[in-house]
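To start, I am sharing the structure in question, which I have written as structure tokens.
Naming follows writing order (A, B, C and D), and every chain is counted from residue 1.
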Amino acid sequence: MDLYYLPRSGFSQLIDVLRNHAETIMVPKAQDGAMVFSELDPGEEIEAGWQEVQDAGRYSLEKTESPRWFKWATGPQALKPIVYPPREALWRVEKQGITFESVPESVPATAIIGVRACDLAALSLLDKHFLGSQFPDTAYKSRRDSLFIVAVDCARSAATCFCVSTGDGPSATQGFDIALSELEDGFVLRSGSARGESLLKGFSRANERQITLSEKQVDQAISMQTRQLPAQDLRSLINKSLESDAWEAIAARCLSCGNCTSVCPTCFCHSESALAELDGSSSTQYREWDSCFTQSHSYIHGIVIRSETATRYRQWFTHKLANWHEQYGRSGCVGCGRCISWCPVGIDITQEVATLNGN
Amino acid sequence: MVTNPQSPYLPKTVEVVERIQETQTVFTLRLRFIDEGFSEQYRFQPGQFNMLYLYGVGEIPISIVSDPDGLPFIDHAIRVVGRVTKGMAKLKKGDRLGLRGPYGQGWPMDLARDKNLLVITGGLGCAPVVSAINYVIERRADFNKLTIMQGVKLPSDLVWRSRYEQWSQIPDTEIYLAADEGAANWPWHVGRVTELFDRMSLAPDTVAMLCGPEGMMRVCIKELVQRTIKEEFIFLSMERNMQCAVGSCGHCQFGPYFVCKDGPVFCYAKVKQLLAIKGV
Amino acid sequence: MNKRELEIKVPVLARVEGEGSLELLIEGEELREAKLSIFEPPRLFEKFLEGRHYTEVPDLVARICGICPVAYQMSAVHALEGLFDTRISEWIRAMRRVYYCGEWIESHALHIHLLALPDFLGYQSAPEMAKDHPLAVKRGLRIQALGNDLIKLFGGRSVNPVGAEVGGFSGAPTKKEVNTLYSRLDQCIDESAELLEWLLTFSLPESNQDFPGVSLRHEYEYPMNEGRLASSDGLNIPVDAFENHFVERQVPHSTAFQCYRDDKAYLVGPLARCVLNSQHLNKQVKTILDAAKLKLNVGNSYHSLIARAMEILHAASEAKDLLRNYVKPNTTREKIITKAGVAIAATEAPRGTLWHRYEIDADGLVCKARIVPPTSQNQARIEADLRHALTTLGLYRPEEELRFQAEQIIRNYDPCISCATHFLDLRVNRQ
Amino acid sequence: MMKPRLAVHKFTSCDGCQLAILNMGEELLTLADLVDIVHFAEAGPVEPEAQVDIAIVEGSVSTPDELERIKRVRENSNCLITIGACATTGGIQALRNHQDSSQWVSDIYPQAQFIQSLNTSTAIREHVRVDFELWGCPVNSRQVKAMLRSLLFGVSPIDEKSSLCLECKRQQNPCVVVTKQEPCMGPLTRTGCGALCPHFGKACFACYGPSETVNSHSLVKRYQGFGVSKEDMIRRFNHIQNNAAAYKESVINIARNFDE
């Protein structure tokens, strides 16, 4: 594979090239205490030095002296809100004649910089879910097709990361157009698609030293990971534990608030609702993120199938770590650790697996 | 710039051709697509369902009860239980609604051909199996004995009483009804539905089709298995909350399955373990 | 001559905020009683403020009145910051004015279009009026909506907004959010000017009563959050001295608290503000008023309709100036160091001066609270005005006419009966 | 066809919830076209005893008169909907229910004997049958419009009761508990407001009332870890929705278990 090098000062060249391909460029920004993807205005630069500290139920940003732009490991979002927005209109209907029409949406071509390996793994799971069925989701597809992805290899892991154990990180291996490895003074770049390759062609090659440095960084990120999921497929463990007391023990702590499912980059549950104009002349059908932690998720008339938090947590856990295998051929967890950090009471999925496993 | 092609969630407009009040709480809507071209492409299997959309209110899964040969008319028997069904109850002939489908895996009618068929429904759930019963009655010669069993709490809960009376007149068809509590005009069994099993003879090659509350299905399946009906020959129609019906919204998951696309009809052998655990 | 006895009772006053009723007792040439009865049930706010932490005060007091929550929040935060010696940044100061402008615009537009104009044009309600005057009503609703949206910018919602804190705001809108709203301000300014011009074409009844107007006055700006208390008859005191000059009483003929200034009934609210602070009014407002050759008179309560429209235009223009070069700051609130003591402040609610006093202990908990809302201050004035107006009209007039006149007078004051802190149930006193 | 008749009644409240109707903007005129507004004192029409299809009630029951009045409202209406915390749980003024409120009255009013006030402020549901409740302090126009639209379609409105966190996350607000250790009530509060407080980086103070699942034990323990005191924690439940069952219970549990 060809590796290129771009000094930090020359990064604007890459941005310029990207602007020829994309109407919108999204970059990580520190906003309200977390790193989130946000539009890069022309002339604006990516802010250096931000680094986050994460732990169960904790996330805080620190501004360091480092010149690096991608020192942080993960933010609360992956690509999920971009390809699958929290709330969107599906179609509209006119009262006159009850005629249905799609809601036309034009999706700007978007380049997004700073995507992590776990985010890419999650994206390919969402692809399988939304596009792999007999009824591909057209809205998802439009947004998916509009993306140009610039990934970045993690040089650091957060305390909550465990992508090494799930096999999804810390360096990007698939699903990107371009991947960066950030060094103090610049970037080692590689392409992951034909269009990525064509953009990089003009850049100069990376040298030995730069390549070694970038590889070392990944090793460092690997060595920083303290959490993990067991290497084996968890299906049999979970399936034999469906009636274990462990779920009650978790339910004593779990709030059933749905934060974990919302931040999880692979959770896809949503509900639909009709929003009619007050005068009743037309109505729009919306879908919005839902969670298996709500009552309505398992409601059928007169019964809530999972009325207890214990069964809801079990549903989430079982789906993520066991049933995903049946549905999409692999576990639904990519090791990003978001559900650990963003749980208001700090419930830790890796710890719960360990407990179930008798540790 | 990329723009959306047509969404798989977009319903088609249908018109109410006829509305029949079956009981106080159940009514049948006979529907037909406005777009004739589309109507011609539309095909379905007994046991499949459609998503019906009531203007401005919401979309719900409803089984198709009419015969596949009855197209272009599509019948839905709807029980008024809550928000959307209450609104649908007000629809009149000529009103329009939205429909998309058909979805899901229907009853294994091919497997049942030339075999005995036992249909069991309980509680309020019966619409899904009516399609199978109708299918058999229309093609009576293709099937052996047809046994229909239903258990209700109160005699007044029995929907389509007149139909049971009609069905019982059809050759080689047996009807077993039970109500937990009796009443003056209840000629059938008073007691649990499971007590009826002792009165019938079940040939081992019987294909059983069940629909109703999960508790009731569990109990009946136990009886069937004890009476040496093969697990592979037992089928049940499951219900879960459904928002999209195309395996996207995640609500209808039942273990690893999506009820909307892997079901609603499941072979018992496949879901045996799941069915044993509450809250799955 | 036949001596006529007439008792007019309006059990529920329409188009006022909260529920009040009116009782008139006329005996021949004499108006024996004119009572604006306020039977809003007491909600005992001052009591449940006790024991609360100072940080909770803005969210609690907002709920005294859904119509002017911003005013309650602003009086409270200024009182507490005064006690804690908090220095707020220029940004906070400016954005608090924007926030308050939103409430003035919303409240005044609501009053003019939904409550007052139907009187002037002869309709029972605004939707009815809209059938004949659709454009005017829709314009009014748009102005009202913009006011609401200004509040939402900083408070998330316009009723019981959530962003105001002792020390500043919990957060700030993004530049983008501000720009979206900013781009609507020009239209609002134009429409407010049209509204003012239109109202100036109304022929308002003459009236000239002699009583003072009271409002805050500020050295270099139209008063909102700061200033000294001034009156049209020469009072000029710091707000801390309020209690030396103003007393709330239960008067014999009514059980509602009424506030007097040195034994005199007085007026607070937009009309008093406009008259006392005319030099700080926006230029465009002055130009329009001059062109119409109207001299505002505190003694004519009908002029408050005009004053409200003037303040809408003023507030919309001021909001525009203050948001022109908006930047989202790094910090939106100051650090608070609590201190025990007495916290006092007054700000200008849409309906007039709103005075708060809190006693705070060393843990930052409220020990005692006292709130004097504008409506209780205007109460005595409203009754005096009723007497005057009805007598001038002629007590011999038909009941319907007297009753309409009386209701209209009351509505001129835009009394907000929901500021229920001090109001009693009147019916117990009826014979 | 006859238009449905609508009444808006006010009980003990701040008037804020009615504003959800008056603040609808131009849609207020649409509403006036759709229904016959026969009683809505603040907007003009006054006919409190009229028979109506839909009665919207704001405010709690806190006076002897209101005790009687609510019965008549119920008799006169087909469908009775409460809007807001006051009507749905008793409102902030229900804080008096935990106190000797006659003492409170005499503390404020020199001539307390004139005050006709009950010792409690209670929800409408505690006095008459209620067909649907809209939660929130205040409710907003979105909720009221959706409710009315459903009724006009002849179906029941939708009860939004899942946790605020879901809405907060849909808005993509970074959680204030996680980023700032703020004791946010969102996990125990129902959706509807649009996650306004967390949007401004502020902890939710539960003005919409309890969500469907309230695990206060776990959350309080967490906040205790942040250094939040017992009194502070109690005040957070004993706030605007103090009279809601799940919060009342939480207060009792905190009082009992906090120090363990």
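By our rule, a residue touches a chain if its C-beta (ideal position, glycine included) is under 8 Å from a C-beta of that chain, and two chains touch if they have at least 3 such contacts.
Keep in mind it's a predicted model, so treat the numbers as computed, not measured.
*Asks:* What is the set of chains touching both chain A and chain C?
*Replies:* Correct list: D.
*Asks:* Going by C-alpha centres, which chain is most central here?
*Replies:* Ranked by how close its C-alpha centre lies to the overall one, first comes D.
*Asks:* What chain pair shows the greatest number of contacts?
*Replies:* So the pair of chains linked by the most contacts is C-D.
*Asks:* Once you find the CA centre of chain A and the CA centre of chain D, what distance in Å lies between them?
*Replies:* The mean C-alpha positions of chain A and chain D differ by 37 Å.
*Asks:* Rounded to the nearest whole Å, what is the centre-to-centre distance of chain C and chain D, using the mean of the C-alpha atoms as each centre?
*Replies:* About 25 Å separates the centre of chain C from that of chain D.
*Asks:* So, what's the distance in Å between the C-alpha centres of chain C and chain B?
*Replies:* 63
*Asks:* Provide the C-alpha centroid distance between chain B and chain D, rounded to the nearest whole angstrom.
*Replies:* One centre to the other, that is 42 Å.
*Asks:* At which residue positions does chain A touch at least two other chains?
*Replies:* 32, 273, 276, 280, 290, 296
*Asks:* Touching two or more other chains, which residues of chain B qualify?
*Replies:* If we look for residues of chain B contacting two or more partner chains, we find 55-57, 82.
*Asks:* Two-or-more-chain contact residues of chain D, please, as numbers and ranges.
*Replies:* In chain D, 31, 149, 153, 158, 201 touch at least two other chains.
*Asks:* With touch defined as at the start, can you tell me which chain A residues reach chain B in the complex?
*Replies:* Residues of chain A touching chain B: 23, 90-91, 93, 95, 97-109, 129-130, 133-139, 141-143, 145-146, 239, 242-243, 268-274, 276, 280, 283, 285, 287, 290, 292, 296-302, 305-308, 310-311, 314-315, 318-319, 322-323, 325-327.
*Asks:* Which residues of chain D touch chain C in their complex?
*Replies:* It comes out as residues 10-20, 22-23, 25-26, 28-29, 31-32, 37, 40-46, 48, 62-63, 65-66, 92-93, 95-96, 99, 101, 104-105, 107-111, 114-117, 121, 137-138, 140, 193-194, 196-197, 199-202, 205, 207, 232, 235, 239-240.
*Asks:* Of all residues in chain D, which touch chain B in the complex?
*Replies:* Contacts found on chain D: 149-150, 153-156, 158.
*Asks:* Which stretch or stretches of chain C touch chain D in the complex?
*Replies:* Where chain C meets chain D, its residues are 12-19, 39-44, 46-48, 52-53, 56, 59-60, 63-67, 69, 106, 110, 114-115, 118, 123-128, 130, 134, 137-138, 141-142, 144-145, 148, 155-160, 162-163, 165, 169-172, 250, 255, 416, 418, 420-422, 424-425, 427-429.
*Asks:* State the interface residues of chain A toward chain D in the complex, per the touch definition above.
*Replies:* Per the stated touch rule, the residues are 31-34, 36, 57-61, 76-77, 81, 86-87, 252-259, 262-263, 273, 275-280, 288-291, 293-296, 309, 341-342, 344-346.
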